[in-house]
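Per-chain residue numbering starts at 1, and chain names A, B, C, D, E, F, G and H are given in the order in which the chains are listed.
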Amino acid sequence: MVEDKLSIGNYTFTNRLFTGTGKFASKSLIPEMLNACGSQMITVALRRVDFASKTENILDYIPKEVTLLPNTSGARNEHEAVRIARIAREAGCGDLIKIEVITDMKYLLPDNHATLLATEILAKEGFTVLPYVSPDLPLARRLEEAGAAAVMPLGAPIGSNRGLETKAMIEILIENCQIPIIVDAGIGKPSQASAAMEMGADAVLVNTAISSAEDPVTMGRAFSLAVEAGRMAYLAKMREETKTAVASSPLTGFLS
Amino acid sequence: MKINVNGKAEETAPCSLLDFIHQKGLSPEGIVVEHNHNIVKRKTWQDIQLQENDNLELLSFVGGG
Amino acid sequence: MVEDKLSIGNYTFTNRLFTGTGKFASKSLIPEMLNACGSQMITVALRRVDFASKTENILDYIPKEVTLLPNTSGARNEHEAVRIARIAREAGCGDLIKIEVITDMKYLLPDNHATLLATEILAKEGFTVLPYVSPDLPLARRLEEAGAAAVMPLGAPIGSNRGLETKAMIEILIENCQIPIIVDAGIGKPSQASAAMEMGADAVLVNTAISSAEDPVTMGRAFSLAVEAGRMAYLAKMREETKTAVASSPLTGFLS
Amino acid sequence: MVEDKLSIGNYTFTNRLFTGTGKFASKSLIPEMLNACGSQMITVALRRVDFASKTENILDYIPKEVTLLPNTSGARNEHEAVRIARIAREAGCGDLIKIEVITDMKYLLPDNHATLLATEILAKEGFTVLPYVSPDLPLARRLEEAGAAAVMPLGAPIGSNRGLETKAMIEILIENCQIPIIVDAGIGKPSQASAAMEMGADAVLVNTAISSAEDPVTMGRAFSLAVEAGRMAYLAKMREETKTAVASSPLTGFLS
Amino acid sequence: MVEDKLSIGNYTFTNRLFTGTGKFASKSLIPEMLNACGSQMITVALRRVDFASKTENILDYIPKEVTLLPNTSGARNEHEAVRIARIAREAGCGDLIKIEVITDMKYLLPDNHATLLATEILAKEGFTVLPYVSPDLPLARRLEEAGAAAVMPLGAPIGSNRGLETKAMIEILIENCQIPIIVDAGIGKPSQASAAMEMGADAVLVNTAISSAEDPVTMGRAFSLAVEAGRMAYLAKMREETKTAVASSPLTGFLS
Amino acid sequence: MKINVNGKAEETAPCSLLDFIHQKGLSPEGIVVEHNHNIVKRKTWQDIQLQENDNLELLSFVGGG
Amino acid sequence: MKINVNGKAEETAPCSLLDFIHQKGLSPEGIVVEHNHNIVKRKTWQDIQLQENDNLELLSFVGGG
Amino acid sequence: MKINVNGKAEETAPCSLLDFIHQKGLSPEGIVVEHNHNIVKRKTWQDIQLQENDNLELLSFVGGG
């Protein structure tokens, strides 16, 4: 099989599991997890330095060959998202940005319209924009027109482990969008990541399900295998379901 | 003199932005600075003299999904 | 992680994907598939030699290191199943036998009671018995008492690719049986194999979904990765679902 | 629409919701519930008289026009089930009997084989036998041959409110059995009862979901409406699902 | 139970099934269906008079006591939606309007943002606005602020009969919105309408599943019963699911 | 004399089964009786004289699903 | 004279809007009219004299979901 | 002489079971034989002389799930 690469803007990936740096019991687990799963892109957030607790720099835990995907978490509107993106780029993290505009603190659902507005501005400024949104086809088309490099629909609320609860709407995005679809948020089990890839998603981003597992390193490996499995199955083309059985052994009686 | 750092007023002796960061015991790597609402590149920090009432935002990367 | 082995009777496996030899477009795909997925046990069936078409011997396509699991397909009752098992053992295939007693030709559902009767007889004769059944806890306990080496509950009708439609009942077997539970039949996608392993199944047996894929070799590989992923996730302990979101980035606003 | 009657043995019903007398906070709720839902058959159990607590006779709470369906709960094997059935008939409750043979106290799953054996004996003795079983087509066919008047497959463990977790196997019974299929156990919501009827079940039996609701009388009414709705939909023939949309308003633009 | 009324703007309903006039084989089925289901509000569309085929006036088939809900189908943007709404009101249909702005002709998914813009304009003009949208909490909150009288989230693509595929997102709307939530589009079976009501939806709108049934009149009745059942169950409070069984008969053995 | 009732030994004066049931304060309706392992019809209760060591099972209907 | 009706050019003799609608064999009930892009109330139709190049949209309700 | 092979009558000259299998063009590996309803081990085939009316089942492994 010819190598199967994923291009997002000018970036190319051979591993379709993207990861996050949130909620690890110890930051030292992050490089181990990355080594175990081979993820080539990982998210980070930006916040005011806390002088009280001299927190170590998260970047020190991320191997150089892994691409950084700063997010705009903490942004309550498009203006804050744009500001965070510019600061992140200035910090020398490159031009990738995951736009995350959240106003609801209970379900952490993205503000689709504010995310579109931020995407329009940042794409013009040359960012490689990955907007995190609720799956919505007309919006996704506007994101494409606005120059988004991919669309990141949620499967379920962030960190809920509820899985692909928006499956039907994500399938419609996959069928109708030209840019990559990366399922982000809510995936709690490798089987769910596999299912997302089987239906044609280009990649998945998993943070909580890995970082909050009892063994995050092994779980990271599990997710990368599942993502690879789902991708391979998509390429190897599965057969449709049938209502009745289809014999795998000869249907004849033993001696007939 | 008085300057504003990450939303809090602070007293500091006149110095360059880079000196100030060192005084705070921070290593410049992985820190981003907004000086009076403009992002200032790291290489310029030593040339920036802090003034009375300057506003500084010192930011860094943390874990996030 | 200490090596994770599966013991069935006196046999030990490190790969938890079992495969089948049915319905490959070309038998030469079988060794390729086995090589791609690393499956260590594969099913075969027994039938009268067909003098008309000099069919090649299926065994010639199975590497020696792969364990053979003859099935009793074609048996309509416990007596035929016992007869087939004895012949298979005589053929030098060892003492493993998958008991399959089927009377319904539309859904190919197993006859649980006849399967129990055959299990009682064959276990006494020293066979390593793997009964293929509809998931049913009281029956599974009788199979254990009768000396079955594992229980093979169906996920859905053979070859239907419908997946884990009996999930709830299989979970109950996993929770309450001492011998290994191998999900057999109906699994159509890697994500379903992964889900079976995540819930604690000891192994899965996949034939149709691999052999009838457009690319069976790649699909075999996909299933083995998915099975490994599901097993790892089970061992690394996934967190429960939560109704609401659980932030992966700091919940504070950007500058607060 | 010509009246839609359900015949079970020599009994005929126009209401397809059967109910149970277990776990009502107060027995006086039973007649109210029956009045609200119009159920025409209700289950009762048989136990030793408890001299300590002069428990009132459950039968006093069941209107005469409602058919009694004694169950064999408490039976651990076919012999006890047969004994209970005979006693129940002697008690003048008629010849209806719900066979329930349970050995597993955690999931209360029926012993399919013991249930078949009891059915064979009791059908010969002229009982109208309703066996409660895990859905299993070959077994259901034997129950038919043994003279069962209906088959009562479980949807999920008794009282669990988990719904139609055995949906796929129940559908196969409905398609392949001649006698009525009554979904019993596990149904927790009216929508699940409706779904069972939509797929062609002949009736459903609901106890816990009604008796343990905050308002059992209203819940009884809700279930009877849902069962009627599902039955009507089955008779009125629903259209299949389609992947894409099918316009309900004209597809043309407003002024074109 | 005190009468359970639904208020939408200044309108009050005692029947929570809303219906549509699209795709009936014969218009004369509409009044029969309305009579059978008791629906108190029904949708209509507006189009250029077709001089070629003297089409009868759909309004002649709708009993006077049934409230008309004109939709803006055919609108491709907020401006056309506003224009259609004004014309509909002028036609003497009152001030109710279902805003439907659709650009995608394959899945007929609503344009959430254009719908919001039209809602803002029409609410100011005194319309009772019912916007049809993809379920999205931040958008729903803006619709509330804009003065929408209810939110109509889709369950699945229009006319697809796929059911509550957006269940998780609709539940979040129900939990977090003050105005009524009316599940519109995609509902194909009464059990799905029942499930929507059980989870707390205030009403459902069903057109295709009724009009395209083999017997639309009976199907209309089935849906109204299912909606009533679901509502009652919501009010009577269902118990949670439990993993294991909860006995409905005494757990003791028969003679112990 | 001693008889066995629902698995427990009891003392009772010689009497008919029907009398015994009345003594226990039970109303015959909805009660079923096994007398020495045979089901005995209600109408025969008055004719059945209890004997030393008789075994009685008195059963009734309770709520069940 | 020429007027534009539902997007198509038509010839008609000078007449009132109401007359025109009757000529088209339509019953006024359930019809809505835009006359030169303004919605015109039914009661005014008889007073509206159609002019050369007038633009009419005649609309009615149809089945929809 | 006449023997019965896999349910069909066949004519064959007297010979050993092994010879017969070779005549049929089969390679002994992966074949199992029931001779008059008894399974006969491969190493004994050459010693088994076929008799009039013998019943043979020649079986082999095929693809199955």
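The rule is simple: contacts are C-beta pairs under 8 Å (C-beta built on N, C-alpha and C of every residue); 3 or more make two chains touch, one makes a residue touch a chain.
Every value quoted in this text rests on a predicted model; they were computed, and no experiment measured them.
Of all chains, the one whose CA centroid is most distant from that of subunit D is B. For subunit C, the chain whose average C-alpha position is most distant is G.
A separation of 34 Å divides the Cα centre of subunit A from that of subunit E. In terms of their C-alpha centroids, the spacing between subunit C and subunit F amounts to 56 Å.
Computed centre separation for the pair subunit B/subunit C is 62 angstrom, with centres defined by C-alpha atoms. Residue positions of subunit C with contacts to 2 or more other chains are 20, 22-23, 43, 45-48, 71, 73, 106-107, 109, 157-159, 162, 207-208, 247-250, 255.
Counting partner chains per residue, subunit H has residues 7, 57, 62-65 touching two or more of them. If you check each pair of chains against the touch rule, the ones that pass are A-B, A-C, A-E, A-H, B-C, C-D, C-H, D-E, D-F, D-G, E-F, E-G. Interface residues of subunit E, counted against subunit A in their complex, comprise 103-104, 106-107, 109-113, 116, 134, 136-139, 156-157, 162, 165-169, 172, 176.
Residues of subunit B touching subunit C in their complex: 7, 57, 62-65. By the touch rule above, subunit C contacts subunit H in their complex via residues 20-24, 27, 43-49, 51, 54-55, 57-60, 70-71, 73, 86-88, 90-93, 158-159, 185, 205, 207-208. On the subunit D side of its complex with subunit G, the touching residues are 247-250, 255-256. Residues 1, 20, 22-23, 45-48, 71-76, 80, 83-84, 100, 105-109, 157-163, 188-192, 194-195, 198, 207-209, 211-216, 218-219, 221-223, 225-226, 228-230, 232-233, 235-255 of subunit A are the ones touching subunit C in the complex.
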